[in-house]
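Please find the structures below.
In what follows, chain A forms one complex with chain B and a second complex with chain C.
Let's look at the complex of A and B:
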């Protein structure tokens, strides 16, 4: 009896203790004994720990962090792959263990909660930043239409159009010039759609990115409107008329049977005989508006193209006018340093190393070039969503290009492609304040893509209303993020302009 | 003599102050009893601590949060008082919330009776004399383990919760002809989700099993001697005996359906809580959660009203008899008091010699 009581007592105490222990939280990150010393470059000489949260391959980032630690032996870097940005970061902010530097897929969340610190002083005094790609520097991607830098791109992959040369040859068509125009692409899609009823139909286009999202950036000459963001955004306001043209054009292609069925659909089963087929592995599609990663992750892996009878080459997303250099839409994660970090400069150096900086890129290339290093899935790291350099450093580009096909037949395509992607413009959710709210609360709810694809609506009918809505959400977000209740960096004039847009909404 | 007797009766019927005091005297608790009580409290201590920390404090916090727009920045939490702003935002600018709320109400009202009835049927079967009883009990309880984890999400995404051969749309169309569309859709979707609904019955089956095992077998024996059939035994003995457990299971099912991972509203609240957009966040999610909890409470109350402790015919007869006895008791007391009063009047009349009988002698 006595023994039972002792056991019961111990169990109860243990349960109560477990509850209490469960509640205790520790502050992440730690700093060694601070002496406040800095070296000749202004980097601390104290032993410190920095945390970096990212979306990339974990093995790559750990190796990159090791390279950083080799350069700065007194700095320990801890990395973590983000599962869900909002959840992970808001939980970290609530628990007081926010990372020192991190990248974000949705800038609205980071700005609304003031996750990012102002890094203007570091960026503008950093000679490395002169080597940034044209659009990043000139459009101030990371400034969010203010005079301050809050973020910088840390991971970039441009849009790309891929062409299967084998299909073009089989259909006796001419390969287009590498600096093609939008109309030439549309014509090729139509020409390459062939259904001779003797076998599997040839489709002109297989898409991952809808053409309207590509067209919105490539829609006009710079002289007409300097489009710096999705939906015709020029840094001040939106004009969805450009998007509407692309949306209509893409809808027409779908309705008229120029676009290959998607994976896991009945249409795909009817066409290829297998529900789960991906159109990129059929050898019956000429042009692909695929993600850049599709090449290195799939087509560029050993034996893939031979297995499916493909010969894939890249093309730049064409412009509507025949401009050699033009903007292209891109995936671009934005990174920043935390507003609560105790070591802002060191966090900035780490951020630059992990993303945009030349030194960091050289360290990355060391990792990618060694194909014996693999990640947890056994994949060589260059085949695990490898980004594209954002620096114009020639040494980096030489090494980077060398990882792509070097035979005479294909090298030309890759060289031309890389030469034409110097002006990336990120998707709206990366660099336009209020964009996510606009999509979440208005645009996605219209269901316009489905309506247009079914041929039951014309996007031009929605363009004026959608532009007004987008301007409203943007202005409201600018006031909220950068006005007095946020970073408080807008001038009275700017505030009045945004307020006027908000006030005039719906009148 | 009769006077004394009446006085005694009168004294006995009215409790004195001393009687009341005596009744209120507390019996000192024995050492053993006190120790047992302490151990009892000690054993429930983890639960009390858990409830305080994980229920009451968050409840209070969320009540406070719902009046604010809250931004959790790395430099601290910013509270901006918005009053009822979160509520107006939810009702005016988030059409999904009211829609989901209506769907949830319909689904719960339809699903709860089905789950409870199914659980009762299975429990009765498992309580019978069958072979491999333990194995079957395990089989029916197994989904409880599965549905409480991410495995359920994977199964649902693979379509395991539906019966492929069942044409849900046909069911909806048929029901739509005589039921409101919303109700027809809810019931139709229930058919589409039938397997999952049945999987939700594990705990309820266990509760019913324990209730069925508590029913006194002599009641059935007596009923059978009197010629009662199985059907009559179910309605006259089983159901009245376990009726409290039906309510318990209905409440449990409402709570389970309202808080499991498949519930769209829960996911919506979670997503709003961690949303980084400036309108949402903890305040917005708290307002949503409070409105939702009020609806859940109302549904629980509804089931309580329907299944609450209503008296059956026998209870009603007993209560009627008790009421009648009380009435009779009151009447007899009234007569008693009147007799005493009359007696006193007579005594006074006699003393003052004003009392006269019909023959003038002054006595009977």
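Let's look at the complex of A and C:
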């Protein structure tokens, strides 16, 4: 296929000139001089170097970069694991060695500084991108509620609920259906909280992710509100009334003793006898709102479940409404190409290879499937924060799923789980402009989680004000990032709408 | 009078019993691979030969017991170090005996600085870890009490290794000299491992002539179990670096084991503490290690519970030998009206023998004096009994009492009944919130143990034989326990004549959720304002907040919404001595610049007074400056505290419109008068 090289290059180079004045522009540059030649796919034939900054396992990314270089022998890829995004990027900008492509933990930093180039022409003319997961494509995750792509998801892990079948069996409970609802989950949490007064209580829930953060996505049917972001965000504004219901419910579960203690607490020591124990290793917790990584990094490692008497299977984060296909909250790092790169198209290819693209994913799977390859910690790479594919390519999924339990008893849980995670919605800081400022300047300051968990406040009392605050910070960020002083891609009507939100704040 | 007894079962025993085979593995839930645990990197120096332990130390504590200069100490309210006066407890150490710390207290040793050139060495065995948790922390002004600037070194746990910032590692060498205006400098080893559950010998030598490249830091040498470790400092240099002057002699010098002013106390054992005024050699550091035994068995001692009779107790039930039989002693009957919530604070000491051997609440219809059997009172009817151990029954008067599920609803937060019974309740401070709503009696019992850990029990009993019109009293009794009733807090008596009331009487309102009317204060005016302040007493800021603004707002509506785009806050001050609101860039921008009185942060006396306080505020405006003189008087005890503020900023001109109103958090505030 022929890539739309010319348009994209012009676009990005123009961006480079205006956005990162003072940066010399990537580490790139052509060894031996630039000829400007391209191959039949529009890829440079010059010898160039690209830098890629990321948050993933270094060994994995280096091997993935090697695979890229094998495909593009004239391109040298240098990778770096980011320590602190803001510090690293501002230092790079000052030093003139900005990466050609990089990932972000929060998008506000990249957007506020216009570090990312507009990659709309590349994405929308790339047939490979038609295979993106439903929500990425249809919600435009990477477009930040504009008509332009500034980033693409590069690393994805969905939320997950895990159930310890051994605990369910011990308590003579029934395993729930895999397409369960929110209320069914809550009821099971309560039913599985059992205390026979002889020793360690069985807790219904052990949490890494608070249930309120899951509930904000799962709170209602699409017909009621098409939620596509945290805190009831529908692409235009927030409605924290949905979050408040989940927050109250979770607070009640904690106050009333349905939630296992956290690691390194006195409560944990009182419960298990060991301050440092993790509830996921006790065999006394039925349901876990854990990170997806907990399976492959811990539970799925050799001998772990046997050692602790566990039998862990995954469940989709349920929806309140009994809809078969619904959104789920997800960790989803975004990545973009630098507005200063001298090789925007090649940087785009690299970004796609390292993240969302099918070809890159096949290269990843080659790495993950070889368990003799380990990282600096001696860990096989599939146990080192392996992400989930964002392509719908069946071949990729077949290989990916094969790395998870394949025995008859467990395979069906994993198959059902993977079939149910096609609509990821990132946590707000990944893809909602101004979200980070909202949390930093307002939400985190009111300490609502502590108040609710202590039973001293009701989140519904805060919902209206918090919604107003969230909408204000979002609108302000949209104007700042995408208005005339930023990327300047908003229409007059959009600008007016956002400005009206800003103007009405506090009135 | 003091009474000591042993808690029957130990947490350590519990660990062995309930987690056999699974307690040793660290199982973090964070999104990373298992940590790389590498052996400490040795220097490239030739292996040190073993020497003798140098005897020219300036301080040495064998911690074998009976030594002078070892003081048990806790982190007090308000970031202080409080000497407890309790006797140290000694268990098997790395060499002889060692000092055991139970996670509630540490020790302050009588050590002063020995000069800029020094070495410190100690053994430790930690049975738990937490971020910032101190092992040894010392310095000429650790909390900045003398100079206003913190100055210290702490050997602690932090997630500073960039290879995995989700896991804490030990040892982290963290040092800080606030006077220099610099950052808190830290150093981390190459591994990611919290090193709990093992004996470690730490020796650090400091020579001020060995400085970092920029001259601002001292390059120290850290030896772990006799071998020097290199690691990385926070500025990227490899060696251990500490700030200067950390052993400068001082009248305010702290040398603290397992405790500091801020963080979770250490749990485990310390042993063999040395301080030298010279740099030890690598061989000497090795000798200090080799003198100890890393295979010494760690055994937590039996916990000794001390009953310290509180002379201020309102009533007591039982005796401090814990011999009280069931239904043998009673408190007086405490009335509880329909719709009322009564808060009772008591101390519960038990022998831990059985879960039911703790306080019991008996709800009846007749008043009686203390130590009187309710059953001997004429006309007595028992409606409901609720036990501390989440157990209850209703009296025989209810014909449907067998259908228990219809009448009882309860939860408990704790996860291990034996621990609750044998550790928590043997020495618990209990806050009971008892509410009567028609035929339903609701008990919320917060049993706080010696660690400060909350153990919450809720019980709702529906007694259909109890009607709105019936009298109801609660009597406190127990079995094989000793109970001191410390507080009986009547429900808030709402003043119907108040000008305005904000918050709610269940004291759960959030911050900035209710507001009084605003009142003008003109240049040259003095206003005297009276309030009733009722608060939870749990936090310093669960009280009234006074706000100075430019608009005359009305009550119960968000002030900013009433004057969009025009509303401005000049200043906001809290009852506890905190404030904010100066415009950015103003010299008074720092919140504490407002306060010229006492900050009551973490002050229990303040919290107690403010639970039910008469508040008088004298506000005087002189041009753009407002002074506030506040007096808080306890409605119960008559004890008073004062607070003063001077408020000014660039927006407060002499001709500015100026108003004040009150808001609050987790409290109920009545504005009584403005004159």
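As a working rule, the second predicted complex is superposed on the first by the 475 of 507 C-alpha atoms of A that agree within 3 Å, B and C clash if a C-alpha of one lies under 4 Å from a C-alpha of the other, contacts with A are read in each partner's own complex, and residues count from 1 in each chain.
Basically, a contact is a pair of C-beta atoms (placed from the backbone, for glycine too) under 8 Å apart; a residue touches a chain by one contact, two chains touch by 3 or more.
From a predicted model like this one, the values you see are computed outputs, not experimental measurements.
When chain B and chain C are set side by side, the one touching more residues of chain A is C. Residue contacts after overlaying the shared chain place A:278 against chain C, while chain B stays out of touching range. Of the two partner chains, chain C is the only one that A:260 touches; chain B does not reach it.
When the two complexes are overlaid on their common chain A, residue A:339 makes contact with chain B while staying clear of chain C. When the shared chain is aligned, no partner comes close enough to touch A:469: not chain B, not chain C. When the two complexes are overlaid on their common chain A, residue A:146 makes contact with neither chain B nor chain C. By the document's definition of touching, of the two partners only chain B reaches A:485; chain C does not. Once chain A of one complex is fitted onto chain A of the other, the partner contacts of A:86 are limited to chain B, with no touch recorded for chain C. Looking at the shared chain after the overlay, A:112 reaches chain B, while chain C stays out of its contact range. Residues 57, 83, 157, 195, 197-201, 203, 208, 255-257, 260-261, 263-264, 266-267, 269-283, 290-291, 293-294, 297-298, 301, 307-308, 331, 375-379, 383-385, 446, 451, 455-458, 461-462, 465, 504, 506-507 of chain A touch chain C in their complex. Interface residues of chain C facing chain A in the complex, by the touch rule stated above, are 11-12, 14-19, 21-23, 25-36, 103, 127-130, 162-163, 194, 196, 267, 355, 411-420, 423-424, 451-453, 456, 458, 507-513, 536, 538, 558, 560-561, 564-565, 567, 666.
The residues of chain A lying in touch with chain B in their complex are 5, 8-9, 12, 15-16, 19-20, 23, 84-87, 89-91, 93-94, 98, 106, 108-110, 112-115, 338-340, 436-437, 440-441, 477, 480-481, 485.
Taken in their complex, chain B has these residues touching chain A: 39, 42-43, 45-46, 49-50, 53, 71-75, 77, 80, 93, 274-279, 281.
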